[in-house]
Amino acid sequence: MNNVKDEYILSMENITKIYGNGFMANKNVNLRVKKGEIHALIGENGAGKSTLMKVLFGQEQPEEGKIIYKGKEVKITNPLVALDHGIGMVHQHFMLAPSLTVAENMVLGIEPKNKGFFDYAEAVRLTSEVSKKYNLPIDPNAKVKDLPVGYKQRVEILKILLRGVDVLILDEPTAVLTPQETDELFVQLRELRKQGYTIIFISHKLKEVKSLCDNLTVLRNGRVTGIASVADLSEQDISRLMVGRDVSLTIEKDSPKTKKTVLKVRNLTYKNSDNKALVSNVSFSIREGEILGIAGVEGNGQREISALITGLEEKQSGDIYLFDEEISSQSIRKLREKGVSHISEDRMTFGTVADASVEENLISDRFYKKEFNKNGLLDAKKIADLSNKLIKEYLVKCDSKNAEIKTLSGGNIQKVVAAREFSANPKLIIANQPTRGIDVGASEFIRKKLISLRDKGSAVLLISADLTEVITVSDSLLVMNEGKIVAYFDDTNDLTEETVGEYMLGIKHQTAEEIGGCCYE
Amino acid sequence: MNKVIKIENQFRVIRVALSIAIALAIAFLIISFVSNDPLFTMYNFIIGPFTSINRIGNIIEVMTPLLFTAVGVCIMYSANQINMASEGAFFLGGVATAYIAVTYSIPAGLHPVVAILAGGIVGAFICGIPALMYVKFKALPVVSSLMINYVCLYLGLFIINYIIRDPEAGYMASYKFIKTAVLPDLFSRTNVHFGLIIGLAIVFIGYLYLMKSKWGYSIRMIGKNPNFAKYSGINVPAVIIGCQLLGGFIAGIGGAVEQLGMYTRFQYQKLPGHGFDGVMIAILARYNPKYVPLAAFFLAYIRVGADVMARTSDVPVEIVSIIQAVIIIFVASERFLEGWKLKKIVKSTKEAFVEEEDNAVKEA
Amino acid sequence: MDAIFSSIFSAEFVFSVLRVSTPLIFVSLAALVVRNGGVMCIAFEGMMLFSALGAVIGSAFAQNQIVGVLLGLIMGMAIAAIFAYFVLVLNSNGVLTGLALNILGSGGTVFMLYLISGDKGSSTALKSLMIPNINIPIIKNIPILGEIISGHNVLTYVALLTVVFVYLLINKTPLGLRIRSVGENPHAAESVGIKVVKTKFIALMIGGFIASLGGIYMSMGYLPFFTRDMMAGRGFMGIAAQNLGQGLTFPTFIAALLFGSAEALSNIMQSLRLPSELMQMVPYIFTLVGLMLVGGDKNKKASKKEAKNE
């Protein structure tokens, strides 16, 4: 153990990864992990964390660099090789086949056999055994699709423990968990560390890293910006390494001059096909010249609320009024003509067409209008003028208006979406995670645009999981937890992240009366 | 990033060219195996179609119906609907036209118009069914449309056999078309007929419609990302059904024009395959009607070449199917040549990166 | 009308249902295995045409049924292998590739047939052999039941055994579990080291094997020779039957029997001096109705493209 090299069970040296679309996800990245530690790999969305772990797990092949594991250089060409070496990964999106049972999922790839047939009883036995050994109880016969999220994750962890790994990679494991489930997970992880397992913990949540991890590596834009012991750094230090400056956002804005009520949502409830209420009994209002924020961990009903207001989902119960007119039965085109703009949280699924040009993406909400048509055909000149104007005004970095969207970076794609939605003279803007996964410059640009539109009289609903953003940009704030509104603040000026966090994570809950403050006529 | 676009475009052209080359190479390989005199056979195959006015005329004649089905397929497939019913639409459209052409006496000039419109309407109806079944029941268009083709075949044969069959023809065929319905020939020494003009007009209108109009824009956006189209306010089901109707209408017109231009009576005994040909041409043309004449000419040339070859040697015309299949397979494969493309992109990204770093150094 | 009813409620009719359903049972089971592996394959028509021709060529030249069956299997599975290579390895569009292989099946078989026999319509010039019918001892003496179950072609019994085989394969073997996992969540399978492409390849080859048996039956059992385009859409009816059975073995088998009944019915009605063209439409219309009833393929397309930038 005197040799310094032996201290590290795993080291990745100078990893560079370029994707097929020319995107450089990792640039000369180094990662060194000690045996028996919980090592945090931390960075913003899009910083290259997942790519690095895909390289380690054999799902992507790097253009340059090497991996040294237990003192020897290894070539990890596919996940099987990684598992053979003892490296296992719990993915952010669960790697489970939903219609199979827990036991079937557990033994996938290493199925026990009996006379050539699959020995299901043995699979059940193995599952129970490993579940007892690590004190992670599970029903081996349950179908995975019937399990709550925390249990699905448990299956994932058991699955790789069953395969006898030494190193566990956990890719943002807490993103989908409730606070209780997170606490439980941390207890389990500490227990595993005690038993000698090495854990790589991917996260962008500073508090979790501080409370759980020993050492950390920080990534930004595909490069390493810091390697340190967690104890040596404060949260502020880490966040500076992540974003390159203090995260405390300051945005200049005047106090809101609110006028007429634009949007009224009353008693909105939405259930999924399993009859689980994703949105329950939500009511609020937004006025002209106001930004109402919705804070909350992703997946607590925000997506559904924005889809219901903008007509992407069919309403089940409750009412949605735009300027006192019930709108939920109207077509999306009608809604857009009435001044509803929508930044979807999923810009590649809804916000843009990857295979179409910037111009084609900019005109999708207005191409049919008289002003853009001449003699039965699209008016190429007017459309080109509009595109060039928007590209300039919104600082979209692209080759030309004819460049395909997929050749643009995330931030520029989002600017294309913003350019289209903000230039439609919106009365109401539903902005769902408008800055997620994009660079700081583009984020700031979009936030400022939102505020200037609000100053011109638009009503804005800003849904964001980024607490700093949602508190600074919004004038008033709702907090959601498990499909319900749990808090309302009519003024965000003195609000702290800690306060909002407590509501967001379900620790505190306002009274119905306090929440009712967000409903006015 | 400019370079990436250029590489992607280069790559597309090269892929199509290489697919054609591979298909022809395979064809030549087969010819050299099965033919007693491979060089003479290949000569007939390649040069044969251009050796007489008559044969050049043949190419144009073969090409004419393909213009219609291919433009129809361009429109239908741009909405990402793999609808094969243009085959049935072409056939049954022809039957409907034949019915009008043998039963009603309408003044010349108007007669073909009515007959062709009838073919178009029947065609629209046929191609609309798979779209409706997809929108309403999520039934796979590729399976439903192929079943519909068989229904069209037997329904058409029933109409010919039981309603407009000419007992004196000596085989199963309709009565002769009334003279007023027939489309005139364009050149005296060939059978190239007025349908070519209609076909080229359809190509032009189809191009403007699909690539330059608001309707075409809606169709293409739906094909590329239906979620985006819906989000932007486009009525996705309506556009899907609408463009399948239109594609079927054009295929039906094609069937009609073919009957009135090339034949004196309806005499198909089976599906002619022009709908399937249309799919191949549309794929080669990358669903842009602008390139349809070129691709259709190519297929017609291959077909006439195979025909000349079959008459002068022992290689059957079905070699065309092999060529067609190979071309479709290679053009449809995303990763064919991708390694080459990827290498170029990675290289150009690295170069751009080095440039960027250099500039940064200079600035500092 | 009486004639129709008396035809339908007879042991003969039920016998003919089994006879007519045999290729549909094969191809629907092939579609089922492939579908469970998450591949959308429409190339069965082409596979079956090649296997039917191969069976005729093999048995005619070797004067041996086994050689015929083997050549049929080789040719059918070669098409399956081409499909698998292009779709799984080169990432081709599966529907277009399937379409191309069906065109190849239609034209290529006629091409080969002409070169070998000098005829483009059928292989009657070749002295190909048939696979025999067999009577089952004891059962053949039971009235009605014996008439229905005994005396079929060997391959009809093989088709029935294939139902059991496919059920066991999919539900009770490690390979079946892997095929299902690959079909449902290829990333999950990959993450535990299952080779997704290899597993799908195996599923396609098993499907190709089963579909080829259906093709061989057509030219060595159903008819004693090969005719051009003799599948007449059966490859697609099999896919529809599999949809109707929602990817489960026994429901798929029942659906194949249903489609077979429609065809048997259409055969009877053609013999009753009704317009044969209209009667020939019946199985296809039946399939269309079947497609509407289940709402096509509910499984999401397995090969959903990954968002590459994390």
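We call the chains A, B and C, going by the order they appear; numbering starts again at 1 in every chain.
Here is the rule we go by: a residue touches a chain if its C-beta (ideal position, glycine included) is under 8 Å from a C-beta of that chain, and two chains touch if they have at least 3 such contacts.
Note that the coordinates shown come from a computational prediction; the quantities given were computed from them, not determined experimentally.
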{"item": "B-C or A-B, whichever has more C-beta pairs in contact", "value": "B-C"}
{"item": "Label of the chain whose CA centroid is most distant from the centroid of subunit C", "value": "A"}
{"item": "Distance between the centres, which are taken as Cα means, of subunit B and subunit A, whole angstrom", "value": "44"}
{"item": "Subunit B and subunit C: spacing of chain centres that average the CA atoms, whole Å", "value": "29"}
{"item": "Overlap residues in subunit A, where contacts from two or more other chains coincide", "value": "20-21"}
{"item": "Subunit B contact footprint on subunit C (complex, rising order)", "value": "42, 82, 86, 89-93, 95-97, 99-101, 103-104, 106-108, 110-111, 114-115, 120, 229, 232-233, 236-237, 239-240, 243, 275, 277-278, 280-281, 284-285, 287-288, 291-293, 295-298"}
{"item": "Subunit C - residues contacting subunit A, complex", "value": "168, 172-174, 176-178, 180-181, 184-185, 187-195, 307-310"}
{"item": "Parts of subunit B lying in touch with subunit A, wherever the complex brings them together", "value": "1-2, 4-5, 8, 208, 212-214, 217-218, 220-221, 224-225, 227-235, 342, 345-346, 348-350, 353"}
{"item": "Residue numbers on subunit B that touch subunit C, as the complex places them", "value": "34, 82, 84, 133-134, 136-140, 142-144, 146-148, 150-151, 154-155, 157-158, 161-162, 270, 276, 279, 283, 314, 316, 318-322, 324-329, 332-336, 338"}
{"item": "Subunit A residues within the subunit B interface of the complex", "value": "18, 20-22, 24, 63, 310, 312, 331-333, 335-336, 342, 344, 349-356, 360, 363-365, 367-368, 372-373, 376-378, 380, 398-399, 403-404, 407-408"}
